[in-house]
C-alpha cells in the first residue's frame, strides 16, 4: 500500500498515519520528496483493507499494490483450470458451445431444440426454469416443471444441462437436475447466492454484471472459490454503456485480459450482449478468434413465438451455420470445436 | 405500439406482421409512406410485450407507446404517497434524514452514534447487520446480533430502524427488528427478494442499481408494488460512469424526473454516491434544493476505526452541521427538516 | 512515480527499469517485498511522462504520484481566481448567471430576450453565432451577422457577451464582439483551439466534454493557462452515461471536487445537461446549493419557434422565477445573486 | 414522426400541435386510444427536425421514424463503397492494414519502421506529424518536418501515407503530403474540420469519438459526405466506459451494425482502444473475424523510447506475427490480407 500525502499535510498528520499503520502490524517506509511525502506500508496489505486511510487528515490518496483476488488469480495458479462435466472438458483445447432456448416453455419445444443443437454441435443444453425478468408481468419461467423437462431432454440427447439459480432456497432442487449452475448478470454481486454455490460440488457459470469491472467480476469468482468450489466458468455478456444500437456492449477485450489475470475458463454470450440475432454469428466468430473457451448461444425452434428473448434467438439452421463458421476460426487459432 | 418496416420490406412480410398482431387481439392501423410503411397496433400493448416483433422479417424497429410500469406511476395515482412509520411521515412536507453507521459493530458504538444522530436531528437510524461486501475477506456484518443491537438503540432513542435485507431466508427475522427494509443497489434486480418484500407489511427503501436506468428502477418498484406493498421509498445513490474522481456519479436529475413519473417518495444517499465524507454536505444541500424527500447519511463516531466505509462517514459533529445547512435550504423550498 | 513489478519479474527486468529511470535523471528507491518488488522513482515526475514504463518487460503497473495539471491547481495557487469582465466579477461572492438563446436568430428576438434576461437578473448575455450541430442539415448559425446582433444587444442592455468559438480562423473576428469566449463541450480537446484562446486576453468559458474526466477537464484548462491566459471559467454541462431520461447526466459532484482541485470558478449549465426545460429550475437550485459560482441558462422568448434547442429553453417569465428561487438558495449559502 | 400525448393532454393542446405540424406542410394522422392520443406526422420528416415538438404543452414524447443520415446510409446506396488509393483498394475483398508509429520522430526511425511494416504486409504507413496530446507539456509532433519525413518514407517504400489533420488551417499543407487524411476521435464532432475535409478530393479516415453513438458517428460521416467527398473510412477505436482494465472498450459489435447501416468501409484500431500492446494481436484477429475491412496498428521499432504511446506499440517482429495470424482468420471468412 502506498499512501500519498497532500502538499499541505502537517508532521502531526503524517505521524498519525504512520502510527496507525504500525499499530496494525505493518512496517512503514517514509519518503519525503520535494512535492509530496509518501509512505510505503510493507507487510500484509489485507490487514489495511478495512482501514479507511483515505479518511485520515492529510492523506491525498491511497494506492494498493496487490490485487484483491487470490485463489482465482494466475499468480496463485499458473496452469489453466480445466473443468470436467460428465467427460466433457471445459477450458481445454476444444471450444465448447452451450445452446438452447432462453426459457423452457414446453417439453416438445425443448426436446426439438435440444435435438437440433446437439446435431449442430453444441456440447451443453441451456434453458431457464427460473427467469429473472425486468417486468413482474412477464413470463417468470416454469420452475421445477422446467427442470424436469430439462432432465428429460438430457436423457434423450445426452447433453449436460446449464440452468440459472436465482434464489438460495432453490439450490438443492436445482442441483438435482442441472450439471452447471448459472449465476445471472443481475446476481453477480448477490453475495449470498455466490456463497451458496461455493459450497456445492457443481461447476458454476458466472455471468459478468452489466456494470461490473473485470476486477469486481474476479472478486465475485473469488467469493465462490473462497468457499471451496473452484470449478468456475466466467462469462462476459455485454456491459452497459451509452451505446443503444446494441442492447449492451460486448467487451471482447475482457477475454485476453481475463486470460492474463486468471486461470479460469472464459465464455462469451453474444445473444444477450447484442439482443439481435443477426449479430450473434459474427460476434461468435470474433469471440473464438480472441481466445474464448466457449460460447453461450440462444437457440429457439420458433423465435417468433418465444416467450422470452425471441429477438436474439437463432433458429436451429442458423445455429448449425454458426457452428461451421466458428469451426474454421477455431482451426486457425489451434483449437477445435 | 408502432412498428416501422425496412424500406426493403415486402408485402408478404408486412401482412405477416399484421396477421400476427391481429391474432393477439389488437387492431392494426397501416400507413404506407413514401419512405417507410408503419403499423400502429391499437389495443392492450401488454399483449405484445413478450412477442418478439423485432425478430420478424422486414421489421426495422418497434416503438412502445406506453410506459411499462403502472401501479407506481403518476398516471395511476396523482397524489404523492406519504408513508407513516411509527408516526413519522415520509414524503410529506418534512425532509427526513436516515443516519447511522454503515455496519453495526458494537452495542456501545451504535448507541453512541444513535444518540448523537438523534440530537443532530435524524428521524431514522440506519445500520447494517447483513453487509454486501465486494470481497469475501471483508467484514460481513454481525447478523442477528447486529439486529438486536439496533433494537436496543431504538429502545433508547425512539428512532425507527432501517436495515438491509440480502437474502429471502432472512426476511422474517429482519421484520422482527426493523421498521424499514432496505434493498441494496446490488439487489435492485434480485427479483425474488423484491417479490418477498412486496408481500410483507413493512415500508421498503429501494436503492437504485449502479447501472439501472430510471425506467428499470421504477420497474423494480413495480415488482414490489405488484405484490401489494406500495410503501416504497426510492433512493438514488450514484450510478456507474467513466468518472473516477467520485466513487459513483450522483444523478440528482433523477429526483425531478422521478417526481414527474411516480408518486413515491425519493431519497438521496450522498455517502455511497461519492465515497468521500468531504462531499457529503454540499451534495446533501443540493439534494434538498432539487426536491428530495429525504437523505440517507453515513455517520460514525470514530470513522478512522470503522470496519466499513470509514472514508465516507461523517463524524457526529459534522452531521449536526449538515443538518443545519439543509435546514436553511429546506426553508427556501417550502419544506422543513 | 511508483513502479510495481509482476511476481514473475526477473532480476534482469528489474535492473533494466532501474537503469532506464536513472538515465532520465531520477533517483530510484527499490523495495523488495514478499509478494512484489516496487520502485519509487524520486525526482521530477514529468521527465517520465512520455516514457512508456508499462511497456517494459516485468512491469505490472505504473502509478503516478503527482497530478498532471499545475498552473490551474490549488497547490499552485490557493486563493480562488476572480475574473473581472467590464466590472462584473466572476468567482467572487455573487453567483453569476449567463442567459440567452441557444443561437442568435433575428435582431428583434435577441433584443427582446436580452432585455428580459437583464430584467430577470442575468449578468451576461449568451447567444451562438457559430453553432456546432450534430446534423449538417440543421441551422448552423448566422456567423458574423449574429455577432453584430449580439454587439447591438450589448449596446442596448449593457450585458457583456458570451459566444462560442468553433474555428481558430474566427478568433480575431470573435474577439471584436464578445467579452467571454466559449469553448463548447465537443471542442474541449480541440487542442489547437485551446492554444489559440490561451494566447488572447479574453476570459474563456470552457465546457466539460461529454466523456471527459475531471482530470482531463483540468488538463484542457491547463492547455489554455499554459499559454498565458488564466482567466478560465469551468462549466459542467452533463456527461454521457447509459441513462436516457435526461440528455446527459449532470455531474453536480464535480463542483465540490473541482473546488478542491482548482482555483478557477465553476459554472453549471443545466439546460444542455438535461435537455428539458422543466428540469432546469430545480437543477439550477441544486447547482447553487452545491457551491457553483454561476449558471448558464438557455432562455428564448418563443421556444416553440426556436431554431435550436427549443425543448430546453425557458421562457423569460420562467427565467425570472428561476432567478428568485436561486436567490433564496444563494442567501442560505452565504452568497448573493 | 410519431407524437405521443400525455394522458392529461387537453383538446386544445392536441389541436395546437396538429396546427403546428400542418403549418409546416405535413399531413396529420390522429389516433385517439383509450390510454393515449397519438399523432402520425406524414411527409418530409426533416421539416420537423428543428421544431421542438417536445416543448409543446401536452406532449409526452416524440419518436422519429427515419434515420437522420442519408448519403452514407445503405438505403441510399446498397453496394459497398470501395476506395481506390493509388491502386490499393479499401473496402474490397482484401483486408487492409495501416501501420506505423504513433508520431513521426526521426527520419531514421520512420524509414526503418516503414520498411519493416511493408515487409510485414502493411498496405499503408501511418505516422502523426500533428499530435493531439492530453497534456500541453507532452511532445506535440514535428509538424511540416514530420510530413516531409512521411513523404520520404513513401518514396522509399511506395506505401501511401495516412496522417492526422487537427486544424483547418493545415489542410492544404497536409494534402500535399498525405494520401488519406485522418480525423482523430477527439475531433469527430469538430464540424468545421469535417466540412473542410468534405471539400477536398482525398479519402478521409474518420475515427469514432470516445463518447459517440453509432448514429452520431454516421452523422459526422454525413457532414463530410454532404460536402461532396464520399471516400470515407470509418474507424472504431474504443469507447469510454466504466472499465479501466483497458484504456477504452473496443466496440466490435459496431462492425456488423455499421455494415448493416452504411455502405462505407469499416476499420478497427485495437492499439488505441486497448492501450496495451499485448492485447493488440488477439483483438486484431477478432476484428477480422467480425468483418472489419481493415486495421490500424501502431508499430514502433523501439517502443521503450517512443515519444508517444509506447505502451501500445508492437515491435516489427510482433507485427509480422500479427499479419500471419490475421491472414488465417481472413481466409476462413472469405477474404485475403
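For clarity, chains are labelled A, B, C and D in written order, and residue numbers in each chain start from 1.
Everything below uses one rule, namely that contacts are C-beta pairs under 8 Å (C-beta built on N, C-alpha and C of every residue); 3 or more make two chains touch, one makes a residue touch a chain.
Just so we're clear, the structure is a prediction, and the values are computed from it rather than from any experiment.
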Option in B-D, A-B or A-D whose residue-number contact pairs overlap B-C by over half: A-D
A-D or A-C, whichever has more C-beta pairs in contact: A-D
Chain whose average C-alpha position is farthest from chain A's own: C
Distance from chain C to chain A - Cα centre to Cα centre, in angstrom: 38
Inter-centroid spacing, chain D versus chain C (mean Cα positions, whole Å): 26
Between chain D and chain A, distance of the C-alpha-averaged centres to the nearest whole Å: 31
Residues of chain B engaged with two or more neighbouring chains: 211, 240-242, 244
Chain D residues touching chain C - in the complex, by the definition given at the top: 20, 46, 49-52, 54-56, 68, 132-139, 166-169, 186-187, 189-192, 195, 209-211, 216, 219, 222-223, 226-227, 240, 276-277, 303-304, 306-313
In the complex with chain A, residue positions of chain D that touch it: 211, 213-215, 239, 241-246, 249-257, 260, 273-274, 278-279, 282-283, 285-291, 325, 328-329, 331-333
Interface residues, chain A side, partner chain C - complex: 2, 4, 7, 29, 31, 33, 35-36, 38, 40, 42, 63, 65-66, 75, 240-242, 244
